[in-house]
Each structure stands twice: as C-alpha cells, then as structure tokens.
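Report on the following structure.
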C-alpha cells in the first residue's frame, strides 16, 4: 500500500448504531472471541475508567493487574494472551481498539454545516470546492483555494494565495500566512500558526536587520499539526512537512526545516533553521535540535535531548548534548556512582600513602 | 474552610477610593504600624520601582539592602522584622500585599459591558446566565451553557455543548473544543486551547492511523489557565484539572491526564498522556513528564526536570531523569569535581607505578 | 548611528523589477565581481535549493563543498574567499544577501488595503493614524491609539487603552491586553499574547489567592515578537522589552521581566518573574531562567541551559544549572570518560591490594 493512499479507516462516512454484539466487533477487527461470552457493547474506555457495557484494552502491560477489577464488559487482548474473561483476541489490539473507537466516534461526530457562515469574510476571488464548511468569523483572503469537503472552523484566518486540499479539518483560531500550501486530509488543531517569518537577523554594527522571508510552508497529505504549534516559512524556498508526519502541541519548526514522512514530533519539540528530520523519525517531548543538522530515517531521540550534530539512521540517541542512548545510560549509571567513587578514591589515597610510608621505613 | 469555597477576596465588588491612610491598610490586613508614621498611600509597587505614596513589600530577602534606597512611603514586613521606617508588620506580608493590591486593582478594573456584542455569533440554542458579557467577534455554538456574570472576551470560540460556570473570565482568542466543561470562577488567558485532540496514532505497516478522541476536558472551580496553554481532550473519558490548580503560559497537558487540586504547573511544563499529578504539587518551569506515571501529593519537581517514573508524595525531585533532589545535588557536586578527580587519579597511578617499581627492585 | 534610528534598509518603499545584472547587485551591496562574468539574476536562494538565475551565498562554511554542484548563477562570498566562479566579494556576505533578499522581497510583498475592513469592530473612541490598515474581524476597543501606516491583520484583538506606534505590523490572531504599549516599527507574529496576567498566587492555608496584576507590558521600537510567544504584564509597574530585541516563537516572558536592547531570545526560551536580561544578550533555544536574577550585557547562554543565578557580562554560559561554558565542556569531557575511569579505578584497587599483600609478606 503506497504512502499517499489514505487508509479506508481514515474518514468515517456516517453515524451507525452504537450498540453492538462483541461478536460483531470481533468480525470488524478480524479477531476471535476469548470464550463463549458475547455481551452487548455500548462504549469504549480505558481499563480504569470503564463502566458496564464498555470494551477496553490494555494500553500498557502494567495495567494487566487491574484487569480483574475493571467494570468493562469485555477486553481486547493480544492473540497470545491467556485470559478467560469476555473479550477478543487479535494480533494488534491497539489497532483493533482504534477501529472500534472510530466506529463509536462516528456517532459522536459533530455535524459541520455546509456552506459559508454569514459572519465569515471570504474574498470573492477565493475558490472553494464542493461541500466545504466555512465557520463563523473565518477570514479567507484573495486567491485562496480550498478543496472539496474541507472544514474551516470559527475564527481561523487564511491569508492570500494559500492552497488547502480536500478533506482537511482546520480547527478554530488557526492562522495561515500567505502562500501556505496544505495537502489533502490534513488536520490542524486550534491556535497553530503556519508561515510565520523565520527568526533571522543580520547585525551591522549596532543595528539588527530583519532578514526578509519570501519562502513558504508546504504541508503534505495526511499530516496533523498540534494546538499552538508554529511552523515558520522559509527564507527562500520551502519549509516542508512530509506525508503522514504528526506534530504535537506547542512544537516549533523553524525556517527551511525539512521533515520527512511518517515522523512523530512530540509536544514542545523545537527544531532550528535548516535542520532536517528524516522519515519515520520520532522526537520525544521537549527535544531541541540545532540548525543545519540531520536526523536519519527511522531514528529515535529521547525526551528533553539536545541534538547538536547529525544522527545516523535507525539509531536511538538521548541526552543533552545527544549521544547514542547506550552511552547516555552508561554515563548516567557512572554518574550515579560518583559520590561513592569519591569515597573510594579517598580510601585508595590513604592506603597508598601508608604503603609509601612503610616502603620508606623498610628502605 | 473547604476547598470549594472561594475566599471573600476572590472577586472585588466595585471600585473604592485609592487614597488610604497607612493605618486603614493596617486594619485591612490585620497588621500593626511599625512606628508612629501614618502616611497617605496612593499606590503599590516593588521596592525598586516605587515612587512616593507607594506601599511596597520585600518579595525576596535579597532586596532588604535596597530598602533604605526605596522611594516608597511605607513597607509591609514580617512581624519579626526589626525596622524603624514607616510600615506595617504582619504574619504574612505576601498575603497582605496581595490584599492591598486587590484593593487598588478594583479601581483599575475594566468595565465589561453586559450583554452580547452585535458582532458576536451566538447560536440561538445557547443558554446564557444573568449579567454575562459576550465580546466582539465571539463565537458560541449550539448547546453551550454559560453561567451568571461570566465574561467572554473578543475573538474567543466556544464550540458545541461546552458548559461554562458562573463568574468565569475567558480572555481574548481562547478556543474551547466541543463538550469542554469549565467550573465556576475559572480564568483562562488568551490563546489557550482546551479540548484539542490527543496525540495518539497507531501504526499498521506503512500507515499511521489517527486515534479518534471522543473524551473531553473538565476544568474544576477556581482554576486558572495560562496564555497559549494547551489541554488535550481524553481518548475516552476525561482529562481533568482539579479545583484551585493554576497552570501557567505555554503548558502542555496531554490526553487523559489528571491533575489534582491546588497544584501549580509553571510555564512550559509538558505532561504526557495518562500521567497523574496529585494535589498541591508544584512543577517548576519546563518540567517534562512521561506518560502513565504519577506525582504524589505535595511533591515538588525542580525546573527543567524530566520525570520518567512515579514520584512519592511530599518529596522534592529534580534532574533529568528526575531523582530525589539531594541525590541530584550530590551528583552535581561530584561532577563539578570530576576534572580535578581525573588529575588525582593520574597522580595515584604514577605513585602506584613508582611503588611497584621500588617493590620489584627491593625483591 | 544611534540605536533608536532604524536603518534605511528597514522598510522597502515599493516593488522594483526583479531582473538585475550581477554588476548592479555588486553596486547595491558595495562589493566586487569575482571575475568577468556578469549574469542576469532573477532570484535568491540557498546553495542546495538554487535554480538557474539565482544568486546564493554560503550560510555555513560546511556548504562550501556543495558550491561546485549548485545550479545558482552566482554566489556572494567573503572578500578573502578565493574562488573563480561568477559572484560578488564583500566584507559581510550575510548582510549583502539580506540586502538583495529585501530587494526581491519588495516585489512579493502583499498589498495591505488601507482603511478599516467592514467586519472589524473598532470603538469610536480609538485614534487611528494615517494610512493604517485594519483587517477583517479585528477588534479595537476604546481608548486605543494606533500610529501612522501600522497594519493590523485579521482576527487580532487590541483591548482598551493600548498604544501602538507607527509602521507596526501585527499579524493575524494576536492578542493585546489592556494598556499594552508598543513602539514604532514593531512586528508581532500570529498568536502572540502581550499583557496576560502574571503567574502569581499567595497561599493562605488551603486557599490559593490570585495576585492581581495591575501593571502592563511595554515593547520598545524595532522589536519583533514571535508566533505564540507570551509576555505577561507586571504585577505593578512594567514588563519591558527593549529596542531592537528579537523574540522568537513560543517564548515565555513572565511578569516584571526587563529585557534590554538588541537581545536575542530564541524559540521556547522561558524567563521567570522579575528576571533581567541585559543588552545584546543571546539566549539560545529552550533556555530557562529563574526569577530575580540578571544576565549581563553581551553574554550568551547555550541551548537548553537553566540559568539559576546571575551571569556577569560578556561571558558564555551553558548547562543546567548554567555555569561558564568552558567548565561545562570540561565536565562533559570528564563525564564521557567516567565509565573508563571506573575501570581504571578497579585496576588500581587490585594493584594496590597486590602491593599491600606483597609488602606484608616481605615484612
């Protein structure tokens, strides 16, 4: 399956009844009932919060001990799991849970009224696709294009010549600067800013000149961008977020950064200008990254790390400055032993002095 | 006094004259004049910025040396403080200063015009309490409830079925997603986002599926949420911020997090999914916290720490990864001595080699 | 040249043709052609992204090896650079590039329609200068003053009694609280919040009282403030950002902070209450700073550092807690050697024990 095809799971068509037999769900996720029990399922939830009628699953192995105490009526487990309570065995319980969740989500999904809210300010030159929904107080400037079925929620501002694909969802109070380009099925959470000027200044004696930013931001298909995240436009050229990449809340992506496809940037990550993040990379929360370096495909960087040089592909780095994770672990272990080591050194020094004294005496 | 009662100090009723005798203030805060002086007080300010007529207080002991140079007309000090300048002695000068500040603040408080601004888009099904103030370009969708005397400032968007209590103040350009619930006397600063989707994705080969988030955010009474802070809705169930908890600017609270009551989350803190923060916990600035761990009641975590496992109650942790603060201090002290220790080790090695040589010779 | 004079480069007057001889550009930047070649230049870009007709420059020395492979038609280089490809030699290539960039930027600059958009809610008591541009859905409350030629973009909210100077540019969805004061030629990126309440609370037993914030924010001339950055108002008095200071995205500046002139605060920096940052200071990304400390003029603090005490002027500090950078480097080097050191210590211990045994035997 190619990366630019969205999964059939991506956009539920219309609400369905939210009361299902467990056996129907088993069929839906391609799993098998754990035992003869086949209860009605009316909701989904975590192990701790579940009530009767809920289907639950084990998000973490550490929660298994809570399973006997859950009020849930059934549980999704791995096919190797040996339990005898009502449930479904499947080879990917997390995926199965997500499928069921999506099924229930359709019933709760809000209805986006089609058309343009009378309070929205939409320039006459803007080109809107079929079945779009433009919310209250939205601003859409001249030259903007918006694809079919895209939803722009209240208070969002889309400046001149932006292009937005089909089936996008821009939540409330988002800001898109001029010429920002957004692919299909992109979701942007509230307060996010795309296309702000890069942070570039040149000194000339006492003066500080702003570097004009004439580039833009391109966000490819199936990307999600978190609340209050910021993506700066390029100085010249493009700041690019690749297909399927997911960016969490309050992340900073500076000018001219390139992020590959299917990468994960967790909350409060900060990436400096002209840095590159490869494909399927994970940056854990609060990671910082200097400019002009690259993180190779498939690599992972641990939370709060500071990436100060390029990282090869398929590695796990951590620490500030970041280094291979096993080196970080070794250093942490050694550092924890430091106080004890200082004691040891003091003892050695004493013993050595005694030996030297004895030696001198014996001479 | 129970936690769900707000102090009589919480909402000043109406402006009062802002020229008071020091003795009137002493009565107001339950303190005693330091000496016979009883000047008129016309303002409040810090030690450094004070002008004549101001009442000041010592925010930090380090400022005491600046006291002789302040232009303030009087000072609030601890009852044990031995000074002979005009002022007031009280057992909690910070609280006393706050009471006086609140007294002066009433005079400067803006007047929120009651009713609905003509540019606001308020759905006819929304239920608004008495004496609410709905600002310009506010959007209030269907099914929303807003309690008595609450103020919604310009540009704020409140989506379907949100419930907001009485005496709340939502500043400009706030975004509340569907079904967010906010208690009484809650203050939300500009740009804050409540109810954005949690950051959850499930891999299926090359595909990355978004986990639907059907839960919501509940913010209890007397909470304050900072500018551009983000609180994600739960996957299922509730992300909850407990009574009296205060959240600073740019804080990230992920899906399904539970924060207890009267806790303090300083600026740029990030809390990952399903983590729990107890009651009266303080997380200093830029602390990060992994998912599924818990910080016990009354504990403190130092600035920039990375909480990677649960922390017991009433402890002080710091460092990244976080550990008990005394261990962090010990390690920092040892690490600072490391370069010197390496020298020492080199010397020991040399002396040992000499001893070994001498020993061999003497054999 | 005095700091409060803006450079003639600061605001381009009107579009010019974007096809120039290299020799014209050489004259524009005060440089010299590298050789006889004098191509037409039709664009500007980085070494990697360049196409034919582009002028490029070396942002980093590490890119020099890519110069033979660039598609650019000419390059801006340092006057000492020894190359024989078409280009311009100048004593400040970064400044020269910026000048050319600005030249090209004028052609792409959007046209801000003068006057007040019909959907904007502007209070009749607001005083607007000549040739201002007030965008769609902007809110301007009573008592606000806006200087000549300032541009307020869509969705921005300016509350009572704010003062904004001339030639300012406030991007979309910015929030300015009451009485915020902004100088001339200030740029504020989208989502930024100026004047939010400081994070101050006083405990009284179980209660947590909010400290009223009656101060304000003052932003001096030629400042730039990044997207979703937050600057809190002072408790009393002023939170001040000095002339020419540049603040990046998602930066937090707490109540009563003073930042001097021409300082650089990179993305996600957090400054706690009443701290002071001097003139021409650089805080790299994600630096945190406790309250009530000062960073001296001309100092630099490395990325992710935690400033826990005052820093003298003209120094380079790093680490968490921050210390002089050379100490940090020494410690990092020693720490990297720690595992090896532990092995060494084990060997020494063994050798010492053998010596002691031999000594005893020889007695």
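Each chain gets a letter, A, B and C, in the order it is written, and its residues are counted from 1.
What we mean here is this: a contact is a pair of C-beta atoms (placed from the backbone, for glycine too) under 8 Å apart; a residue touches a chain by one contact, two chains touch by 3 or more.
All of these numbers come straight from a predicted model, not from anything done at the bench.
Asker: Show me the overlap between the contact partners of subunit B and those of subunit C.
Answerer: A
Asker: Which is it for copies subunit A and subunit B: same residues on both faces, with over half shared, or different residues?
Answerer: different
Asker: Cα centroid separation between subunit A and subunit B, in whole Å?
Answerer: It comes to 26 Å between the two C-alpha centres.
Asker: Taking each residue of subunit C in turn, which ones touch at least two of the other chains?
Answerer: 119, 137, 155, 173, 191, 228, 250, 268, 286, 304, 320, 335, 338, 341, 345, 348, 352, 355, 359, 362
Asker: For subunit C, which residues count as touching subunit A in their complex?
Answerer: Those residues of subunit C that touch subunit A are 1-3, 7, 9-10, 43-46, 49, 59-60, 62, 92, 94-95, 98, 101-102, 104-105, 108, 110, 117, 119, 135-137, 153-155, 171-173, 187, 189-191, 222, 224, 226-228, 244, 246, 248-250, 262, 264, 266-268, 285-286, 303-304, 320, 332, 335-336, 338-339, 341-342, 345, 348-349, 352, 355-356, 359, 362-363.
Asker: For the complex, which residues does subunit C have touching subunit B?
Answerer: 119, 121, 137, 139, 141, 155, 157, 159-160, 173, 175, 177-178, 191, 193, 196-197, 199, 201-212, 214, 228, 230, 232, 235-238, 250, 252, 254, 256, 268, 270, 272, 274, 286, 288, 290, 292, 304, 306, 308, 320-321, 327, 330-331, 334-335, 337-338, 341, 344-345, 348, 351-352, 355, 358-359, 362
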